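Think of it as A, B and C in the order they're written, each chain with its own count starting at 1.
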Amino acid sequence: MAEQERMVEAILFAASEPASIKELESRMPHGCDAGEALVHLRRRYDGRGVQVVKVGDAYAMRTAPDLGFLMQKETVETRKLSRAAIETLAIIAYHQPVTRAEIEEIRGVSVSRGTVDQLLELEWIRFGRRKMTPGRPVTFVVTPTFLDHFGLENARDLPGLKELRAAGLLENRPPPGALPLMGEGEEEEEATTGQSELFED
Amino acid sequence: MADTTFEEDTLSVTERMAAEALIVDVDGFEGPLDLLLTLSRTQKVDLRKISVLQLAHQYLAFVEQAKALRLELAADYLVMAAWLAFLKSRLLLPPDPAEEGPSGEELAAHLAFQLERLQAMRDAAARLMARDQLGRDFFARGQTHEVKRTRRITYTATLLDLMQAYARTRTRDEFRPFTMDRDAVFTMEQALERMRGLIGYAGEWGDLMSFLPEGWETDPARRRSATAATFAASLELVKEGRLELRQSETFAPIQLRKKD
Amino acid sequence: MAEQERMVEAILFAASEPASIKELESRMPHGCDAGEALVHLRRRYDGRGVQVVKVGDAYAMRTAPDLGFLMQKETVETRKLSRAAIETLAIIAYHQPVTRAEIEEIRGVSVSRGTVDQLLELEWIRFGRRKMTPGRPVTFVVTPTFLDHFGLENARDLPGLKELRAAGLLENRPPPGALPLMGEGEEEEEATTGQSELFED
């Protein structure tokens, strides 16, 4: 009987469909008693990670229902933020609170909804209070989650353009006699005023 | 690959039968080494004790027979025959101290090694295929449980990314992309457009130089560019069958006129 | 541990592909020791109709080979491999990592594209790293799918491997002087390493 139990076990394991006792016996050597072998087999798998279950008048092996949670695989993919997203984020961080129109003006291209949505979803930005300008546009500010992710205590800790250049992060030197350097004139002035409002609301 | 091809033209019946026997054999061989291995089996000894000299004889006899039957043997069989004839002479003649290179014995030993190794690999292949195989002797789970895959995507960026991005946006308009200053270049497209408009009036032979655009005739750089472009455009129009070109001699002015 | 054994049992049982310990643990709750659970599980299935087998560094459940006769219904007709393909496969398995030139030298004939393609398609062989010889030729090695198919725990278990190595038949002896056979010169210099590098990377 031990041998017959092994046979039933192998057949049920490899079968793609539940098998009836008749089918089992038709595949086993003549004179086997699949019914009895099944009784033994079911007892053997009692409480195991795999069960012998009856489906209609056929039998099949299935994973134990309480282990169903193992049958999923979670993969975590890490991706780099897109260039548009990181630039938008940078502008928000440096200029907050900042409106969409202002971001677009600085980037020179329109900001897609998807980009803002992505940053909102990451909880790196949130809506700030509305600007007291015509149309009362909504503003964006960075969140504590953002500071946490980038290891900043405060958005004011972000280095200014001058420091970025000193650190070699600006590969390009502007041609002599070109536009006055950005971020050094009123630009930055304004940026600092912006920053002071940080997290006030 | 037994690339051996055989011709059967006007052979007698006995010859034809002999040839067929050979064809059957040769077709089954995968190259000279395989043939040598088969021939070596007729010696009925351990491959390590094989007589390479005898094997060379057998092989050369085989090739001779193929030649007698006017069968065309693939080149590699003939290369091997030549090499075995060389080996045979080395094995038979007393070693010449002045001669360079490996001795006949060394060469023979290597050939024996190759045959033994090929045989060993064939045996290994047979043993491998005789193993229990998945889907034939043992089986995987027939009804697999589908594993649900959930993919979670996280996005990251570093402070450096952030700062570089900011630097990029704030310095973007300080620069204009590098472009060649091309104010002295008259493009072929420009010339073609201009010529298409002008050829309608070129009923008579006219100098190519008279078709240069205004303001491009004096400055040498501009004239050179305009001349080249206009000439190239003219050739294009000749190709289209709309213009004829002629030049009486080398360096003579090039003339053109409309073709009807 | 009994619970972890159940989990490993369920995961391996449900899958047709082998799973590594790392994969198992990534699906089990945090802190599980799949390696130890496997030891218990393998013991439990010892002598049963279904076995826990090791394939490379992964594990799978397979029916016991002696019960193959019951499985006519499941038998998959595999394409007949040509003699050239079988020999090429054996040479790759026993000599890996091996270049095409080396295979040709051993077989004494050129390897047709179709042969290699067929073995690649079966996923029995794959490209290994390049040889550090002139031309940096690509090498072939056998895959875990190959091991799984032939019921090998790893390529060192190939039948007769030790004897062949002892007999020097896995060496790539350079021919004395110039031979009209294939694969000349530099190619072979370092080829002698052969199976010794097996699965080191």
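One rule holds in what follows: contacts are C-beta pairs under 8 Å (C-beta built on N, C-alpha and C of every residue); 3 or more make two chains touch, one makes a residue touch a chain.
It should be emphasised that the depicted structure is a prediction, and the values quoted were computed from it without experimental measurement.
Asks: So which chain ends up closest to the centre of the protein, judged by Cα positions averaged per chain?
Replies: C
Asks: Compared with chain B, which chain's mean CA position is the farthest off?
Replies: So the farthest one, by centre of C-alpha atoms, is A.
Asks: Using Cα averages as centroids, what's the distance between chain B and chain C in whole Å?
Replies: Averaging C-alpha atoms per chain gives centres 31 Å apart.
Asks: If you average the Cα atoms of chain A and of chain B to get two centres, how far apart are those centres in Å?
Replies: Spacing between the chain centres: roughly 46 Å.
Asks: Quick one: report the Å distance separating chain A from chain C, using the average Cα coordinate of each chain.
Replies: About 36 Å separates the centre of chain A from that of chain C.
Asks: Which chain A residues touch at least two other chains?
Replies: Where chain A meets two or more other chains at a single residue, that happens at 10, 13-16, 63, 71-73.
Asks: Could you pull out the residues of chain B that touch at least 2 other chains?
Replies: Correct list: 139-142, 145, 147.
Asks: What does chain A use to touch chain C in their complex?
Replies: On the chain A side, the touching residues are 5-11, 13-16, 27-28, 48-50, 61, 63-64, 67, 70-73.
Asks: List the residues on chain B that touch chain A in their complex, please.
Replies: Those residues of chain B that touch chain A are 139-143, 145-175.
Asks: Please give the residue numbers of chain A that touch chain B in the complex, ascending.
Replies: Interface residues on the chain A side: 10, 13-17, 60, 62-63, 71-81, 83, 85-87, 89-91, 93-94, 106-108, 118, 122, 149-152, 158-159, 161, 164-165, 169-170, 172, 174-175, 178-179, 181-183.
Asks: Quick one: in the complex, what on chain B touches chain C?
Replies: 1-2, 30-34, 76, 79-80, 82-83, 101-102, 106-107, 109-110, 113-114, 116-118, 120-125, 127-129, 131-142, 144-145, 147
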